[in-house]
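Should a chain be cited, it is by its letter among A, B, C, D, E, F, G and H, assigned in written order, with residues numbered from 1 in that chain.
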Amino acid sequence: MTIHVYLAGQIHDDWRKELKAAADKKNLPVTFSGPMENHSRSDGIGEEIMGDQPGPVYRDDAASQLNNLRTRVWLEKADIVVALFGEEYRQWNTAMDAGAAIALDKPLILVRPEKLHHPLKEISQKAQVTVETIDQALEALAYLFADE
Amino acid sequence: MTIHVYLAGQIHDDWRKELKAAADKKNLPVTFSGPMENHSRSDGIGEEIMGDQPGPVYRDDAASQLNNLRTRVWLEKADIVVALFGEEYRQWNTAMDAGAAIALDKPLILVRPEKLHHPLKEISQKAQVTVETIDQALEALAYLFADE
Amino acid sequence: MTIHVYLAGQIHDDWRKELKAAADKKNLPVTFSGPMENHSRSDGIGEEIMGDQPGPVYRDDAASQLNNLRTRVWLEKADIVVALFGEEYRQWNTAMDAGAAIALDKPLILVRPEKLHHPLKEISQKAQVTVETIDQALEALAYLFADE
Amino acid sequence: MTIHVYLAGQIHDDWRKELKAAADKKNLPVTFSGPMENHSRSDGIGEEIMGDQPGPVYRDDAASQLNNLRTRVWLEKADIVVALFGEEYRQWNTAMDAGAAIALDKPLILVRPEKLHHPLKEISQKAQVTVETIDQALEALAYLFADE
Amino acid sequence: MTIHVYLAGQIHDDWRKELKAAADKKNLPVTFSGPMENHSRSDGIGEEIMGDQPGPVYRDDAASQLNNLRTRVWLEKADIVVALFGEEYRQWNTAMDAGAAIALDKPLILVRPEKLHHPLKEISQKAQVTVETIDQALEALAYLFADE
Amino acid sequence: MTIHVYLAGQIHDDWRKELKAAADKKNLPVTFSGPMENHSRSDGIGEEIMGDQPGPVYRDDAASQLNNLRTRVWLEKADIVVALFGEEYRQWNTAMDAGAAIALDKPLILVRPEKLHHPLKEISQKAQVTVETIDQALEALAYLFADE
Amino acid sequence: MTIHVYLAGQIHDDWRKELKAAADKKNLPVTFSGPMENHSRSDGIGEEIMGDQPGPVYRDDAASQLNNLRTRVWLEKADIVVALFGEEYRQWNTAMDAGAAIALDKPLILVRPEKLHHPLKEISQKAQVTVETIDQALEALAYLFADE
Amino acid sequence: MTIHVYLAGQIHDDWRKELKAAADKKNLPVTFSGPMENHSRSDGIGEEIMGDQPGPVYRDDAASQLNNLRTRVWLEKADIVVALFGEEYRQWNTAMDAGAAIALDKPLILVRPEKLHHPLKEISQKAQVTVETIDQALEALAYLFADE
């Protein structure tokens, strides 16, 4: 039986690729999805598909239609949501996805450095599991399939 | 992971076949469903199965039982609903299907010529994505599977 | 025990006021809600609250945000939805509201002239009750409270 | 018919009191709830009720249990959620509450200065209404009850 | 706190009135609803509101639209459903209402003479409580409010 | 895409086998399930598994636990429910299953001889399709997969 | 706005009365419900209403029908569930109610002496709040209504 | 069509392995899941993944995060839940899982020695099937697939 995991979080480095590669090495029956990780394509996808918009707010709104289409479908199909917070960026999408996962009763694995515990304390308390590293998140996924 | 897409909209030309052929060319892992596109069979399916009815209202009601059986099952299985509005026909079924998709929390891709924006403005505002052409709808679907 | 009824349909004449007055006369324990019936305010409410927009599509989108806020809240609170279709206007919002009511498992009373039966046959088949006049819709509501 | 509104957002100034006072002036049939606005009590409520904890992470976790108890109950009872974002603070709870509201199909009114549009574009696109000031949010609420 | 009870079952004698009178005597905070108990009005309500129909099947269908409108609304509002089966009549509506109550997770009190146990064994096993008399059903309701 | 169909109705003749054989001939991508059709095993399954019971009511209750386990799981997995009523037997389980299907928003195909229309009129009005023969039910299923 | 709280737990002492009296003193807008606290009536309610049963298992089953009727209705109406575990008794009903509350997304306040933490660790981790005394549970309820 | 079964209950002997082996022998199309059966790993999994904790309550809480992650995902995927109670251990997790299964409308098979009937009477009454041995539970599963 396969588990689908949605990877919420910032799209500025390769953390998703590292997690997927490590899961592959362990032969876990897990598939992954997440937002578009090419940042400039993500910001420009509205105009790419719908054409020019009358200003930056409208450009953003067009892009968000497509980004939200993608993330709604994949998050809806997820059995587990991993949300990674780092020290940079506002990461409001990550927090919104975490809130959605909790409200949809999907277990949330929160990954954050301990120094961010205070601003994330309410999300952490609602998460199913709170850890500090991507490796720990992967070990949590592996525990689902462990026989002993 | 495969996505199932329900294609709501009028049944008077071949727009569904074009969309499916274009999706095939892109090798998207997407399956499609929709209403019966043979218009006269759709109107006559009630009498075809249930026999003669005592008048046009009853003939219509019998046909609708079968058409709604088909569309309820497929729309319920959809991950995404595409609703196409054109300048002809009343298309109340399309609007009803759009309302059902939104109420069932299934993302809606609305396709309509810009000149129809005003009468469709409330549907558009509830849709996840609003575009003007079938090609744009297909690009939106392709974006779900894009790696970069 | 009070019943709340949402009145979907066009906003170009006084059919809602007539229905409410007739319900009052019968002392039915029913409350009513519906969209903003002042058509020009409904079209302009976006700019009224949010200020000028960069064109008619954006003006419409702003208005729809507010109109949909209103109708989502009231339709969600409804025990029954009445949807009135007439021979004029496209009435796509009415069909969308009908689809939402059905998907949310709220009983739908469809009011339409018999000559519109064919284009409305699928909505009619999903409706709980189909009638031709507002008076008949009111009698249907009164039947909920009849002792004998 | 009364509407209950949950007020998500930071707790460092009196924006909730201002909104409530303005709603009172308009005699809107609206009740409001939200998180504890006394910041130090909110941070210390865990130790206040449960006694000393073995360190700041545990102190935060105890407080979050109580804060989340309060906000879960009130958000669950809300017909509408207002989420206010400002330029200071990380405001991850606000984004999490916004995500929960959307997932629970409760209409969200997003209030944010236009300069924050870019980082909030995906939340804005999922919100029912996006405005820039508390007064505009109040006008949106008033529109639910407007007769004309 | 008041409990609403829907009374499913045949409409050929006064069992509902007796139950309501007995509940009144005990001052239970319970309200009751059920189908139209005037049998000929129930059978004719379709033609009464919608006018003549082209035959008995159509007459029945019109009546059922109205009867189902009434029972859907009241059963949906119920906290508990009582279903009474007797030795006469086919009572398929009673069994359908029992199935709906169970599927909607509303506790069902089944009332039937013991000699009907065999044909009702599957319904009985899904019911919350199975008794033989209306008085026993009332005692079960009273037990909800008993302090000791 | 495969459809699963639950076959509710009496278990005294081979109607399910006939329907399955006819579906096989048409190569429909449909799977079927239903209650245990061996009547004496169905009545005795409680004592077969749990041992002797202290009387016929208890024997029935034990059997019903197992019969309901089987039918709950399969009905829950169904995309469509077919309910067959004949002129013999009380068939209260069939009506209960029909009520459950409707409440769970699964389309119901009602099969009954026209002479039973009156006592089944409310179930018929809630059914998605009403027909008179098993062949017609099969044609209705086939219509889901028809291309033209 | 009033909150309804269901009090799960053993019925062998007066902890519910103490909690209610303390809530009254604080004038909290909270109502309470729970199982029948008269232990011998709770065990005998089946035979009291349904008459003699053929042995202790059947006596227990009859009583449970009534006890579960009562607790299902009240737990369903609860905004918050309090579950109290002590050092005596098996208290499996308390754990079952806790599991139901969590599955129904109702916030759970777990009250248990610290020495029971180990066997209750999984329930505690799913609870919204874990405390050691009834007074602490009451303070948690009071915090919902605190202005500062 | 395959059925997934979640096996709730104590983890101190090999009852799950025996049940799986017996199901394999019968070639039942059933898959199984359950909690981690290595008791010391289950108790220590929190510190294994998250590192040292400041005391036994915190060690337990860390372990519970992981154990609940595992059991939530598998119980959510189950079509049927089997809950085994024995005479040793408090088994509160088993009762919590039983409560969750019932609240999520998943059929529960309760396995317990008859002498435990009294303290388990309310769980038994809510269970779909109550038996005394693992073999009987397996026969109940086999009955789902029996043709005659």
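The working rule: a residue touches a chain if its C-beta (ideal position, glycine included) is under 8 Å from a C-beta of that chain, and two chains touch if they have at least 3 such contacts.
Predicted model only: the values in this text are computed from it and were never measured.
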Chains in simultaneous contact with chain D and chain G: H
Recurring contact interface, reference D-G, options A-D, B-C or E-G [over half identical by residue number]: E-G
Whole-Å gap separating chain A and chain C, where each centre is the average of the chain's CA atoms: 40
Intercentroid distance (Cα basis), chain H paired with chain B, Å: 43
Between chain E and chain H, centroid-to-centroid distance (C-alpha), Å: 37
Between chain E and chain F, centroid-to-centroid distance (C-alpha), Å: 23
Junction residues of chain A, two or more chains touched: 65, 68
Which pairs of chains touch, using the document's own definition: A-B, A-C, A-D, A-H, B-C, B-E, B-F, C-D, C-E, D-G, D-H, E-F, E-G, F-G, F-H, G-H
Interfacial residue positions of chain B with respect to chain C in the complex: 56-57, 60-61, 63-65, 67-68, 71, 85, 90-104, 114, 117-126
Partner chain B, residues of chain F touching it in the complex: 1, 3, 79-80, 105, 107, 109, 128-132, 136, 139-140, 143-144, 146-148
Footprint of chain A on chain C - complex, ascending: 54-55, 58
Footprint of chain E on chain G - complex, ascending: 4, 31, 33, 36-38, 41, 45, 48-50, 65-66, 68-70, 72-74, 76-77
